[in-house]
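In what comes next, chain A is part of two complexes: it sits with chain B in the first one and with chain C in the second one.
Right, the complex of A and B next:
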């Protein structure tokens, strides 16, 4: 069996054009990440500044300050940031500060320093720190959420509302005991989680590798020979689908690994052990893992989602004689699937179901887990991510059965016709 | 020979069927996407069309005078109406005279919003009256100002053109063809020319479909007006008419399709595999949209992507302004391409097409039958894909169960924020943004909605993370409490219903655009509806419809189709009463008006002038402005 899998991989994926395309895409992927790093988003309200010569001093100052205050949170670090903030706030408050370039500043300008400290240190630290006494912190906010949820459990138990009761029980179970005692820049992690250009490249590579799978065998008349062998029917279908799984997993792991390494090299990505809810955009995530573990989870979900899509391409390949049709239909399916996945956070049940049926929804772990997204099934609360996973596993089993039926039963009929014709 | 090639491509290889399917999908998509518009125009299209018909075209002195006079009327309409009202109350003018004089100002008030849009157009046209005319911009803007890739056209071209050469190689016909008398060069030339003509034909077909569909949906009148009549083309260097602009874009697209076909042919001849040709050509055409979508760079690339869109070559500079901490800042989103540069680019594209054409013929005619020459094959594939790699490197409600009897009464002025039922007193606190249900028997207060992640718990200054909402109004009926929620920084609203038995919450209506997918950056919509509509004042609903009041607009939403119909544009604030299928309200002339659901008509009850109404049993209680504000009653049943 393993040998047959190896032969399938060699036949379909270890082709020169596939390897060259893969290497080209890896290079393009790295260049796109670097381009975004260099020039930043073209957005007036963007967080990230470009890494051009103009902002070199800024980034130097940022790195020095970040090295000073990042890591385990202490009262001294918080005190330092608060004192800097207050000093600069007092300077800019009345608007009479100097607009000229200044020595002894972080960015060269007083207003620049104020923005620098406020946006990149004071506000993010305020979010996590228990030492910032004057404003609400994450810990107290989440305690409030737990208290509200406990009140709701009691209330809904009395009303007989099982769904809302189970939802609030879920909240109490998963949001209790949260604490953040480190300070790292979560924005870079958010950038990594939301980077999806490599998904498109993987989709194109899947089209290249999987679309000709059955079509090639039909064109060379190998399909009838394979079917007539002992392991021709179920085993071969299983082997092909398994090889697709290995190919998909390989692509996703390689691209995810490259994305992580490149982002780590460019942005630093410190604090791999910090909890995912330490990233402000994920403050209400139902997960309690670290950012590193979340990235692994995201990768695994992508493997499942793209594997389902790849089996869909395989099904189309089994249906048609020419590769142009599975390719074109798969391309249109990508457009439709991506559009459907846009409704992953919809409040409407019908649109949510449509999103859950699209394999591309699993590529959006950042959206599935950045807030509590649930669905009501028989008066019980379930996470949409779990339901999406189960639905996709069911879909892939259905597709596998369909492929087997198309490959074996249709070709058996053809062989039967041939035998009948010859005997007559 | 060209006819034979077309027969082969269209009939034998089912190209005609594919084109037909893509064409139908294109039409369906065009109707689904709709056209560019504006929420104010959508709510009063009749008023907008009236003003456009009156003022469209080149600005003349007479037109300007008329617009300015209308502007005065609209601006002062409220004051004039109050003055007339005062005179009528004092007996200075009679009822008939009041009706005659007030009618004009009343219409002005009703159409004030749309007139202001037309006035803005006039203001814009005034700056350069020779090249800027007043026009209904919706249809032409839809046609000329979008730069999203036409995925269906690209897929159609791929399906039809890739098998042109690849089929010959994969079926083994190539060796037979190349050994015939005309097989070496003539066949290749004929194939390429037939493909070019066919691709041009497909582009024209899709463009005509676009034109016809947009014309059908919203109209494409005044095609001879200058391009700069559309504000989007304010800074454009192209002084052509709208129709000419569309023709120019179609010509660009034809060149793009021909270039794309040439690319497909070269890659097909080099790779000799359908899958490699499909993959390489779709990558070459789609990736630029994702990497450079919405920017000028897309149109400079030596690839068909920019040409297949075409519109960007006519655009002017496009800016994004915003208020930052340092004041008003502006970044350039799109830099216009000068005419000289376009000429150079077109020359480059033509040279490229000729080069690819010749390359294809040379490669096709030099193919050898060295079937076992593995090393040569590797070299050829590697060379072809290396060239491609280098090119790439250059680049970048559920509905609740309502009671069967649909008759009910709703007093907007009182019940939008406080209602008493048999069990509860339900009240909305707009400042705290909560609904309180006070149990009349037990005295306990229940705060709704019971969301543990309430927005007031944690405030963030990160604009991208703001997620608050405001509850604008409540409506209580048949044991359900409905509330209308507006989400901050989004258009539209949602209506939720809470069952007061078990406090289960259900979505009744969702009017918010939720799909956030931009296809990896390929679809970049820089235009947003800049008009900000006022918040919703109140709403009520029955089994079939949702009614809401927004500013002076009374709107009805069909719960089956989610389509909106504006019932009235002159409703006074919080003055509506719903009773058994009829909506009574006070219009801006203080007349009692009624909208009847059964025949969908609006009638004015001339005998009643009031500024306050409520319902008591089967009659309307009102303060009579014609009778010293004494209380009067209007019998509903008459």
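Right, the complex of A and C next:
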């Protein structure tokens, strides 16, 4: 089997144009991350200082201060952040500060420090101080959430509302005992979790690699040759789908790895063991894993979602004689799929169903997990992420069965057309 | 070894593509002649297991091939019509791939490939890309892949289409060599492909087996019906309307027409020995 899988990969993916596209896309991806690093990512505009030479000293100062306060959270660190903020705030408050160049300042000038603190550093510091406040109060805040949930369980039990009861039971079970005792810059992790340009590049590579898969077999008359071989049907169905899985997993892992390494190199990404709920945007996440594990989970979900999409392309390739149709319909599917996945957090059932049907929903782990997103199934609370995963596994199985039928049921119209074409 | 096809019928919806085909094949070359759409490809697809017959059975040495499953497929080698294979593969890669899907154990792969490359005279092109091979070389590679599993039954679908005369002769020689201990079924619409090498010729028309026999037997069916008539250029049109013309040959200032006709044609007509092409033509025109 390994030999057949290897040749299937060699046949479809180890083609010069796919390899060239992969290398080019990897380079483009790195350049996009670097561009965001230099000029600030669009979605977090105003938070990140540009990394141009002009702001080099300011980033240095930021890094020095960040180094002082990151890691295990202590009262001293919290006090340092607050006192620095108050000191600088007081110095510029009455306008009597010196305009001359001074030693011992961050930028060389008090005014420069003021700008540095308020516009380019204090705003990040404001985030830091907010963060500090957030982390220090998180434990009590989440305890309150648990208490409320317990009250709700009792209330909903009396009302006979099983869905909300099970939802609150979920909260009690999964949110209890949470506390944050480390400080690391979660904004960088958030940036990594939300970076999705590479997903688009992977989709393009899937189109390039998978769309011609069956069409090529038909156009070269290899389909009949393969099907008349001992391992032909196995090769035309299971091996093809398995090779798609390997190709998808390879692409997702390579791009996720590159994204992580480039962000690690540029932003630092410290605190890989920090709990995911320590990242402010994920404070109500139903997950209790570390940020590192969350990134792994996000990568695995992407593998599943993109694999489902890739098998869909494969099905289209099996259906049509010309490669232009799988390309066109797949591209349309991407647009519809991404649009539908936008409803992942919708409160409307119909829109939620659309989102759950879309494999691209699994590419939005940041949306699926940054808050408690559930769905009511027979009066029971289920995590929307779990349901999305099960729906996608079901879809991929259905697609596989359809591919198998197209290949195996010899009297299908497609085969008939093939025969007609050959004899004419 | 005996391959028996019993009442093979194939319907596509209501359209009958193959009607009650019967045939018994033993070692040797069998020519399957017929125009496009005659049902040759349908028959081949049924024999190689890609299509299922609506009716009938295929028996190999008395055993139903459906029950034999992959054991039957292991005995079949197939060369499809106009194969282009994978242009980005090298010759050795392609053959290794074919070994893999034919279930040939890894330890035998190299020796098998060496053996077939020598047989089809492609040893020097071992490392060439398939896309860089000429049409004839690619067809020889096709034969090579078909015999990798040392099949008892070799099915060749229009194997000489698009080949130059030299390659066609080389190809025929290879096929003759291969037919000693196996059944070779060669489907074609080019009569000369099978005329001299086929043990038996089967002629299909509109899904029906209309005639079968050795070349000589078939030729005998049109004996006395083939004529050479020498005419001037101005009369050619008139003859073409009136008779079935098998061939036109230019003489010095006249043209010699080869006519298939039950009765002696007008003019100075000379009865000549029939060829398989005459048989084929007469059947197709009926």
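List of remarks:
Just so it is clear, the second predicted complex is superposed on the first by the 355 of 424 C-alpha atoms of A that agree within 3 Å, B and C clash if a C-alpha of one lies under 4 Å from a C-alpha of the other, contacts with A are read in each partner's own complex, and residues count from 1 in each chain.
We take it that a contact is a pair of C-beta atoms (placed from the backbone, for glycine too) under 8 Å apart; a residue touches a chain by one contact, two chains touch by 3 or more.
Everything numeric here is computed off the predicted structure, so don't read it as measured data.
Set against each other, chain B and chain C touch different numbers of residues in chain A, with B touching more.
In the superposed model, A:221 lies in contact with chain C only, and not with chain B. In the superposition on chain A, A:283 makes contact with chain B only, not with chain C. By the document's definition of touching, of the two partners only chain C reaches A:235; chain B does not. Contacts of A:405 after superposition: neither chain B nor chain C is touched. When both complexes are overlaid on chain A, the residue A:10 reaches chain C alone and has no touch with chain B. Residue contacts after overlaying the shared chain place A:351 against chain B, while chain C stays out of touching range. Across the superposed pair, chain B and chain C both touch chain A at residues 16, 219. Partner chain C is touched in their complex by these residues of chain A: 3-4, 7, 10-11, 15-16, 216, 219-222, 224-232, 235, 410-411, 415-416, 419, 422-424.
Residue ranges of chain C in contact with chain A, taken from their complex: 12, 17, 36-42, 45, 48-52, 70, 73-74, 76, 78, 80-86, 88-89, 93, 96-98, 100-103, 106, 145, 149. Of all residues in chain A, only 16-17, 20-21, 24, 27-28, 31-32, 35, 42, 44-45, 111, 115, 123, 127, 136, 138, 141, 144-146, 148-149, 152, 155-156, 159-161, 163-164, 168, 171, 196-197, 199-200, 204, 207-208, 211-212, 219, 280-281, 283-284, 322-325, 327-328, 331-332, 335, 338-339, 341-343, 345-349, 351, 371-372 touch chain B in the complex they form. Of all residues in chain B, only 18, 151, 155, 158-159, 162-163, 170, 271, 273-276, 278-279, 282-283, 287, 290-291, 320, 322, 324-326, 329, 331, 333, 378, 381-382, 385-386, 388-389, 392-393, 395-398, 446, 450-454, 457-465, 494, 501-505, 507, 510, 514-517, 519-521 touch chain A in the complex they form.
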